[in-house]
């Protein structure tokens, strides 16, 4: 992970700003021979796409992805597959409205990256946040769709489990509900309450934060590269690197601090499949930075967007104090759209480590081991 | 960050297991001409060193560091300075007691990395946790001591702010207190209560988790490499990669989810120093993945150690169910020693980004900008 | 350098195949504030572009480059500059003629990469060489044009110094001649002879190899990262990685093996500019992997293309023996077009090391040093 | 390859200077379960070790390597194997004679790296060349010994094929002869002549260059990561990065420039083993940057050492012109000891690509392919 490239063996390089002609990415290191068409990627982009309910920004982007390279349709099979060469994906920007930004181009919006970009680079494409725009995350989602196809049996799903101070009731968790409401909420009852709540937030031009949980099932045991490429370390880096994220947990997370050693350590018995069965999952599927075969569970907190309709104290790039108010498109809870993004980042990290493990170790050891000798 | 190398421009590669002859690291990419002797590093190691109070493991390790390469004493000045070539640091292991482990060598301790290492590699040095031992973190601390010398004016400090369910009162925070108790606790009153509490934990052979806060002051604005080398992303990856860490927050962290956009965004005014003055620091000093010049604030949760004296259900490497009990040395709150480790990781990340920013941008822009023309 | 990304601080990721919709690259890590438009890049692409004389392939590609991201036109100055974010460059493929390849899709052309790609990936886009096509090098040239703008005073020029067995007379070397003939030949007399020679080669459907020399002037002293990122090592890796290159030399190169130590070591005196003046340049501007301030001189050999009109013995992907003959477009000396490619690779390596040196060392030491004390 | 770390999946980080207490390396990413003891490494170090004949420097270093980490002796098998964690190797420096250098500490020896290091870093450990010393290459050799154990069936051998202007007669090439003379010369007759020649060179305090050829047999087809991690590109970078190397060739090398396309392209027929049989090997075993299964052949030129007994014109670090003469130990042909170093670099590159290929592709495709359908 460095600059604009993510991953080691499964490597994603993204580019593009909110108001340029296009955004895109290059997925490098993908194994060859994997069937891949735009139809494998587009559904995930559609989940992230803005403008799908009144609870997300009204920017209208079809976000239609095109595969530019790295695939080939073998005449013999008529199936388009990856070739092992870099897969470039491109999405044209179509709703750019750059006229909106001239009034505020010199003023920093509190909580936005404008000041930070300016003081770092001395130049900043202020239109729609430029490179700091959430628009960049579309390419993370696209890359994640490719990543999902690499690890056999991998299933990465996410859900919004807290909006503002309102948490779901985990006893009511149903993955089937996640697609039934505009919040990716697994608790149907909570989703109804959130609808009322978020309408109020939206109408007063305010915003709220959220907490998202990502669950990855089918993660092979043995993934992770201690001690500086641990699976949990890489997941935390990947998720904290998503726009607006301020906290990341694995498994029991911060709650682990309040547990005793007896409560926290996940006991083991043998499962019917010949693998260990853990009696709990406080570890979130990771021990010593290595996956154990349990579900990998990550949680992250998204701050409320700073694009609110109330004037805020700020400064401009010339050092004058100003008051700034966001006009135009407004996203009362950016955490909603962070669900597919979080899924994508987790999928990318796992795919990367799957290839790294295969590289270093080849076929993973057959556990349990046989006693030699007898 | 990959495998056993950490960082991009300031690169740390560590090696060594708990019960091998030595542990060590190679610090590569350090600027030349920086005065550096063992005396710059040893004090930080002494802070992390076990056996200093009854609240940490009784392993007795002097942890005396030796600089093997990368420094040179110029006869002209008689000062030992870095040369720009790799700095190797070595610490001999002196208290290894490998006899303790034969009884449990085939059984996995719940909550430990033994099973994960075995299922990943098919071979595992079980003595004292091998590579997964907290002993490895000594080299992080040593590297962090070098990192601290790279960024002029940088001051990285940490404190234990929660032990088990007992939090400090932030109103009583005093950095001066941190050195006055065996917990790195900034709240003298809390420290007294913790002493009683932890004695009880220790006596019943149990353990508790903890939360640590790291505050980095003097971080220049402009550090961080969006979008996959963001400062907060790299901090999260670095801290989550420390043994036993299960959660990381920047600034307001998970609490940000409960704030409104009005509350969360840190308003700005001009400071007397010609730089922006933020009226709050929910961002934890990072916007858009780039430092703003505010203090960088990171928090992380450490789980209770699984080395407890109560038998736990487990399996062995041959697939048999067993009960496991840790004997011997015992650390009732490993979070305590995580304070200097967390400081070190934050220092390493900041030093790395300091060099990366200098590489890409050279001298950072002089803010505020001048209006051109008139 | 790894997979499809080149460089460390100045990072270039390329993508695209000969017969896909487009080829492109992402230039990451470029300093901000550098004026950059398509007009800075296009001239270099035009030099590499095929179809400009009867001595290069007749594929007709305008190779019009578009900047997709990473630049911004500041209203205040009306100058388009780099922003420090990734610069994506795109070139549409317009002359793809995929019909040509169906007859030979299963047979490997000797000397081409088809067999190697197939045995590596199990799938290969055979149309026009796919990813192995020289078309890919257009993006190297584009990236090199950006690299040239990073190092103040850098001047990277190349010339063809040998075609087949015909070498130039170095005494007649004139940089001004390089643009006056279709061979980038610095020796006007040799160019005339080559014209006759290459016409004959072309007419008999054959091909010849070539040797190219790249001279980089204005390289600051001190660039290079010993011991695994040496400037000469990186140059050699970069040049050998260009299609069809089989040998690389720095300075005296293989001839150095025949020199005595007295002849080879470049003696030093003081120059009028207060820097050392070297009395020769057998080192090619690099000592110990670090630039000395002399011109950096690299030379590389390009093999004759295997796309010839004589049938050759080969096999197909099903293990049958076949005879293969290339039809269609034909490039009698691919070494010609390697001149701008070689320049680009050298520029990229130097730009990368310029940023790396600035990162690690900051401002380079002011040599000569002052005696302290007195 | 960057700074002091070499490789991507098989990663080698080296450290240490000529006159420090020790030199060492960390081999990271090695597969687990590989039997490894010092006895696997020491013989290669012994080949490189100075002082073994009158034709190499008389520095007396036992170069006894110690494995510090990354191995474990399983009680069940009593075999010491790699664990998958970083393997640290250490060699103490025992013959340091730092007294020799005080007279020349301020003067640069022409052809040495002293000036380059000084102008880069502003500080330089001049004792014995510091980090630029050939002593550093001992760790390359040690790492190469580990690399050799990773790729099943790999056999990497090298030979000196030219000393000064005296080339071997390739018709007399015998690998068995390589160990029978102090030059690693495969031509017994040439070796005899060289002995006389080099004695004369040595006696007049001069030095000569050399050319080394490395042949790697048993390299699986399919290794190499186009387009910026090509096998030949990485080999060239690795070999050019060895001290004193000025040129690198793959296969026909520079001679390829003089061949016609008909001569150069290696024709293919089917071999008895069901794999292609190439009728020649001008490619040196690499096409399109990917190994073909043929022997990989690399050649490199080593310049004559600049440590000669004739005074040379130079300058000192304060900008004064001086004459410099090397005293003390003297290596009339450093190319001799470059043979085991070149072997090691080739082994490291191949091991790295073996793991990378396994990571990206898993089990390589079974060639020839079956026609689907029928």
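Should a chain be cited, it is by its letter among A, B, C and D, assigned in written order, with residues numbered from 1 in that chain.
Convention: contacts are C-beta pairs under 8 Å (C-beta built on N, C-alpha and C of every residue); 3 or more make two chains touch, one makes a residue touch a chain.
As the structure is a prediction and not an experimental result, all values here were calculated from the model.
Any chain touching subunit C that also touches subunit D appears here: A, B.
Relative to the C-alpha centre of subunit A, the farthest chain centre belongs to D.
Mean C-alpha position of subunit B lies 38 Å from that of subunit D. Chain geometry summary: the mean Cα position of subunit A and that of subunit B are 25 Å apart.
In whole angstrom, the spacing between the mean C-alpha positions of subunit B and subunit C is 44. Touching two or more other chains at once are residues 3-5, 8, 14, 29, 32, 84-85, 120-122, 131, 226, 361, 371 of subunit A. Subunit A makes touch with subunit B in their complex at residues 1-6, 8, 12, 14, 108-113, 115-122, 131-132, 136, 162, 164-165, 201, 206-211, 221-230, 232-241, 243, 245-270, 274, 276, 279, 282-284, 286-293, 301-308, 310, 312-315, 317-321, 335, 357, 361, 364-365, 367-371. For subunit A in complex with subunit D, the residues that touch the partner chain are 8-9, 29-32, 76-77, 84-85, 226, 355-356, 358-362, 371-373.
Residue ranges on subunit D touching subunit B, taken from their complex, read 3-5, 11, 13-17, 20-24, 26, 28-29, 32-33, 66, 68-70, 72, 74-75, 81-88, 105, 120-125, 130-131.
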